[in-house]
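Please find the structures below.
Presented sequentially are two complexes of chain A, the first with chain B as partner and the second with chain C.
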Partner chain A sequence: MPSDRVVVIGAGPAGLEAARLAAELGSPVTLVEKMGVAGGMPVHSDYAALTHHFRSASDAMGEMVGAVTSNELIEMRVGTEVTSVEGELGDFAVTLTSDGAEESISAGAIILATGFKHFDPGRETQQYQYYELPDVITIAEAEKMLKDENFVTPSTGKPPERVAFIQCVGSRDRQIGNEYCSKVCCGISSKQAIEIREMVPDARVFIFYIDMRMYGYWENEIYWPAQEQHKVNYVKGIITEILPKNGRLVVRGEDTTMGRPMEVPMDMVILAVGMEPSAGTTAMSGILNLPTNKYGFVETAHDILDTVTTTVPGIFATGAATGPADLDDSISSAGAAAAKAVALLRSVAVPV
Partner chain B sequence: MGRDVSPKIDPSRVREHETFELDGVDISGHWNRMFEQRVIFDYDVAQLDRVTDLDGGESMGWCYQCSQCIGVCPVDHVGDYGPRKIFRKLQVGMDFFTSDDLWLCTTCANCLRVCPKEVDMLQIMPAARKEAVLEGAVPAELQDVFEKTARYGNPLGKNPKRRIAWTKGLEVDVPLVSELGRKVDVLWWVSDYPSYHPRGMEASRSLARVLTKLGIDFAILGAEERHDGDSMLRAGEQGLFEMLADQNIEALNSYEFDVLLTTDPHAYNAFVHEYPERGGNYNVEHYARFLADRIGDLNLSEDVLSTVTFHDPCYLGRHNGEYDAPRDLIEALPGANFVEMWRNKQNGYCCGGGGGGMWLDGLAAEHQSMRLSEKRVLEAVETGADTLCVVCPYEVSRFEDAVKSTNNDGALVVRDISELLAEAMGLSTA
Partner chain C sequence: MSVTAPPARFTADPGATLSPHSYLDVAYEDKLALWEEVKADDRFADYLYGCYECGICVAACPSAKFYDFSPRKIAQAAAREDVELIYEQMNDDVWNCSQCFSCNRCPRENSPGGLITLLREVAVRNGLGTAKEALEGYGRVVYKIMTTGTQISPDMLQPDAFPDWGPDVEKTSDNLELWRRALPPETLHTTEMSWQVSNETLIELYLIWLHSDVMDMIAEADEGLHMIILDVMEETLEDAGYEV
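On to the complex of A and B.
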C-alpha cells in the first residue's frame, strides 16, 4: 500500500544521518541494520580517532546513534536484513528478515547506505605476504590497536621501533581491478602515524607513497603536522615486496627521489588498504536492481549535480556504497539523499 | 666491433682517501678505494633530527619534495646539490656537519622565495654551520679567512691602516670622520673590497668623485671600519660576527651622522637586520638607492655608448627588495642601451659570493662544472651587452675573473654603477 515511509538500509554514518534528516523533515523512517549494533564501520572495525579532527569514533558514532534512537519517527531494526523488495516509487513492499522471521513493511522511498569493506591484501597483493607475516597488518587492524591504546608489534608484543606504512594497497591497480583512488587512506595513514608517534614516541614512522593525496584541509590538518611536528618520514616510492630477514621485515623498493633501490628493515608494516563494495552493497544492488559500476559500487546519476539518485525511481544511494568516500562525503551525501527522498515523496503526493 | 664491456665507473660514486692508515698498514690512494653503496639499507633519520633540533634548523624537516627549489637553486645548475636533496640525504643518514653540502649554499634566498613549505635555508645554513665551526670542521680556505678577519678586521688580511690607501692621490677630498670633529650628513661605509681590491678601489674613487660633485657632506671611518660580519654570520661564525658588530657599533656610535651609506649590500643587510638588536640603529642607505634619489642632480651629460646589462646582488634584491634603484640609474645614462638578463630581479642568478662562497672557490670547484660567476657572465654575454653593471663589491672581482676564464675578455667589461655614472658626469674614472 502507498506509504510516506522512508526505509534506510545500513546504519553506518551515512545511514544514520539519512535517517535522522528524513525524520527531521517529517517522514517516518525505518532504519535497517544487518549487524546487531548500529554505527557501521567506525564501530565494527573499532576505529580510534576519526579523520579529520581526531574526534573519538565511539563518541561521534554514539552521538549519531543517540540522535536516531531519540527520534520517535525513526524505528531502528538491528540484526535485520532486507531480503526482497517489490513495488515502485511510493509503494514499495520491503521484506525484512530477522532470526529467520520475515516481515513485510510498506515504504515510499528507499535509501541505500550499505557502505564499503576494507580491501583484503592477502587476496591479491601477494608481495606483501599479509597472510604469512604476522607483523604485516592493515590500517583497519592498526585502528583497533590504537583504540585499545596498545600499539605493539604483533609477533613480539613489544612496542615497535620502526613502522612503515605502504600506501595504495588494493587501490589504483589495474591488475587487481580497483583502478580508483580510495581517497581516505593517505589521510588515515598520516593520522595513525601521528597517533603512533604520540603513543610510542621512540618509534620511527615511515610512509611510502606514490603521491600523497591529502584533499583540502587534510593537507594542513594532518599531513603537515605529521611531518613538521611529529616527524613522520615520507618517502616517495611504493614498496615492491616485504621479505623477512633476521627477525625483522625488510621493505624493498625504490627511493625515487634519491633514485636508488632500498632495502630497509622495519618491525611492523601497515598496509593502507583501500575500499571495496561491502557484501551488503553487493547483495542489495542485486535485490534492488541497481546497476553497479565495473568495481561493484552502486551507480548513481554520477553527475556533479546529483550524487545520490539511482536509476530506479524512489531509490537513492549514499556514502561509500556509491564509491570511496570519507566521512565528510558520507554525511553530506546522506543529507542530500534524505532531502531528495522526502521531496520526491511529497511531489508525487502519496496519499497516506 | 664488439660492445665495450669495460667497467664504467661514475667518479662521483668513488670514495678514496689520499692518505689512509688502517691498523698500522698504509692503504693510501687506490688501496682504500670504495664505491658509494647503491642500495639504501637504512634510513638513519637521527641525522635529520640533529639538524631540525637546532635553533633555526627546524624547517629542514618540512620538505615535501616538490622540488621547486631545484628549479632556481644557482648551485644545482652547475652541480648536483639543492635544498630538497639535502633533506633526502639527511633522511638516509648523511652527516650534514661533515658534508661538503654544508658549505655549497650561497644563501642567495631564491629557494625560500619559491618554497611552499617555507623551508628556510637562510636560517638552516648558519645554524648548522655554526655547529661545524664549534667543532672546527670548517674548510681550510674559509677557516683562513675567518682567522684573517678576526686578526685584521677584513677577510683579505690587509693592514687596517691601508684602508684609506685608495684615497691617496685622489683629486677630491675624502675626509676621515675622526679628523672632521663634527657631525657629517653622510658617513660612508666603504667596506673591504672597495678599500683594498684594485678594481674595488677604482669604483670607490669614482663614487667619491660622484658624491663630491653632488656636494654631499660625507666622511669615512678609515681604519676604524672593520668587516661588517654579515657573510661571516651566514658562514656560521657567529662569534666572529658578534665581535665585529660590537666593534663597529662602538665606532659608529662615537660619531654623529644622518645617513650611513653602504657600498656593500651585505653590510647593508647586516645594518638593517642584525645590528639593531645589538644596539646599532642607523639610517642606512645603499649607494644605488642614495644616488637614484638624486638622479636629477647628477647632471648626466656625457654619452656612455654601451649596451649595459645588470646583475642583481642577492643581498640587495631578494634579501632587501631593492630592484629599481640600479635600473633607474642605468636607464638615466645618456647613450646607453639597457638590456635585462634572462634571470633578473626576484629570479636573479647568484654570483656565488654570498654566505661564505666568496672564500670557498676551492671547495665549490670540486663539486661544480663551472663557477656561478661564470654561468652568470655567459648569461650576460648572451644578452649582447658589452658592459655588466654591478652594485656589489663582491662582484667586480668575481665577474672579471669569470670574463677571463670564459674567454670573454674584450667582449664584456664589468663596471660598478659609480664608474658608469662618473663617466656620464664627465668625471675621471681612473
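On to the complex of A and C.
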C-alpha cells in the first residue's frame, strides 16, 4: 500500500544520520539493523578515537544512536534483516526477517546504508603472513587495543619499542583487484601513530607509505602534528615482505627517497587495510537490483552532482556502501539521501 | 638584459628529457631510435602502466641488494620517456638484472624485468658495445642453451670455474657420470646437458630461433659463437629432413 515511510537499511553512521534527518523532515522511518546493536563499524570494530578530531567513537556513536531512539517518528529494528523488496517508488513492500519471523512493511522510499568491511590481508594472497605472525595486525585490531588503553606487542604482552605501519594494504593494488584508494587509512594510521606515541612514549613509530593522502585539514591537524610534535617517522616506500627473525619482525622495503633497499627490525607491524563492500552491501544490492561497480560497491546513477540517487526510483544509497568513505563523507551523503528521499516522496504526492 | 645560453650539456634537448646529456658522442636521434624500437615491441604495453614509486620492486629485487641497481628507476625512466637516462640504463643498469621477475609483484602490474628484457634485446640487436662486453663471459652458457635446450650443464661444474660452489666440487666433478647415474630420474643421467631433452623439442627450439630474430641477435653479439651454434643446429635439422 502507498506509504510515506522511509526504510533505512543499516544503522551505522550513515544510516543513523539518514534516519534522524528523514524523521526531522517529518517522515516516519524504520531503521533496520542486522546486528543486535546499532552504531555500525565504529561500535562493532571497537574504534577508539575518530579521525581527525580524536573524539571518542563510542561517545559519538552513542550520541547518534540517542538522537534516533529519542525520535518518536523512528522505529529501530535491530537483529533484523531485509530479505526481499517488491513494488516501486511510493509503494514498496519490504520484508523484514528477525529470528526466523517474517513481517512485511510498506515504504515509499528506501535508503541503503550497509557500509563496508575491512580488507582481510590473509585473503587469497597471505599478504605479509598476516595469519601466521601474531605481531602483524591491522589498523582495525590496533583500534581495539588503543580503545582498551593497552597497546602491547601481542606475542610478548610488553609495550613495543618499534612499530611500523604499512599503508595501502588491499587498496591501490591491481593484482588484488582493488585499484581504488580507501581514503581513510592514511589519516587513521597517522592518528593511531600519535596515540601510540602518547601511550608508549618510548616507542619509535614508522609509517611506510606510497603517498600520504592527508586531505584538507587532516594535513594540519594530523599529519604535521604527527611529525613535528610526536616524532613519527614517515618513509616513502612500501614494504614488500615481513620476515620473523630472532623473535622480532624484519620489514623489507625500499627507502625510495634515499634510493636504497632497507631491512628494518620491528616489534609490531600494523597493516593499514582498506575498505571492501560489506556482506550487507553485496546482499542488498542484489535484493534491491542495484548495479554495482567492478569492486562491488553500489553505483549511484548520476554524476558528481548527485552522490546518492540510484538507478531505481525511490532507492538511495549512502556512506561506504557506494565506495570508500570517511565519516564526514558518510554523514554528508546521509543527509543528502534523507533530504532527497523525503523530497521525492512529497513530489509524487503519496496519499497517506 | 641578455639571456645567457645554458652550458652545452643541457642544450639541444629535442626530447626535453629531465636528465642531462651523457654519452655525448652518440646523437640524441640515435638514442631516441633505440627507445622507439623498445616501445614498438608488442610486449611493451603489458610491461609498463603507471608507477606509484612505491619501491616494492626494489625491495623484492635480489640485484638491488648488491648492486647500484633499481628496477623502479628503470620503470620511471621508461614512464618519463627520458631518452638520455634510458640510453644510460641500456648501456649499464640492464645488465645488473638477473631476470628473476620478483619485481612483477608491482601493484600496478608493471614488469620492470620485462622492460629490461626489451632494453637488452634492443641493445644486442643494435650491436651496442656495452652489450657485447656484458655478454662476453656468457658464450658457453649461450652455447649450452642454444644447442642443448638446457642451461648450466653438469660438466661445467669445474673447480677452477666455480670455486664458490664449495670444497666438494672437485670430488663431484671427478666422478661426474657416477654421481649423475645415482639420481633417480633417468632423464638426469646426463653430463653434457642438465637433463635429457627430446629430439623433437630440440628441433622445435632450433626452428623458433631460426625463424625469430634470435640468431641475428647472437650474430650481432658474437659472430664466432653464431657460427658454432649454427653448425650444430644445421646438422640436427638436416638429419631430421629440414633444409636450412
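One rule holds in what follows: the second predicted complex is superposed on the first by the 348 of 352 C-alpha atoms of A that agree within 3 Å, B and C clash if a C-alpha of one lies under 4 Å from a C-alpha of the other, contacts with A are read in each partner's own complex, and residues count from 1 in each chain.
Everything that follows uses one rule, which is that a residue touches a chain if its C-beta (ideal position, glycine included) is under 8 Å from a C-beta of that chain, and two chains touch if they have at least 3 such contacts.
Note that the structure is a prediction, hence the values are computed from the model and not measured.
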In the superposed arrangement, which partner chain does A:231 touch: chain B (first), chain C (second), both, or neither? first
Under the stated touch criterion, which partner chain does A:324 make contact with: chain B (first), chain C (second), both, or neither? neither
Going by the contact rule set out at the top, does A:206 touch chain B (first), chain C (second), both, or neither? first
I'd like to know which partner A:173 touches here: chain B for first, chain C for second, both or neither. second
Just checking: does A:261 make contact with chain B only, chain C only, both, or neither of them? Give me first, second, both or neither. both
Is A:115 touching anything from chain B or chain C once the two structures are fitted on A? First, second, both or neither. neither
Name the contact category of A:42: first (chain B only), second (chain C only), both, or neither. neither
Could you tell me if A:335 is touching chain B, chain C, both of them or neither one (first, second, both, neither)? neither
Residues of chain A contacting chain B in one complex and chain C in the other: 236, 255, 261-262
Chain A to chain B touching residues, read off their complex: 204, 206, 212, 223-224, 227-228, 231, 233-236, 255, 257-258, 260-265
Per the contact definition, I'd like the list of chain A residues that touch chain C in the complex. 168, 172-176, 210-211, 236-241, 252-256, 259, 261-262
Give every residue of chain C touching chain A within the complex, in rising order. 49, 52-61, 64-65, 70, 72-73, 105-109
Mind pulling up the chain B residues that touch chain A in the complex? 38-43, 45, 48-49, 52, 61-62, 64-65, 84, 88-89, 91-92, 117
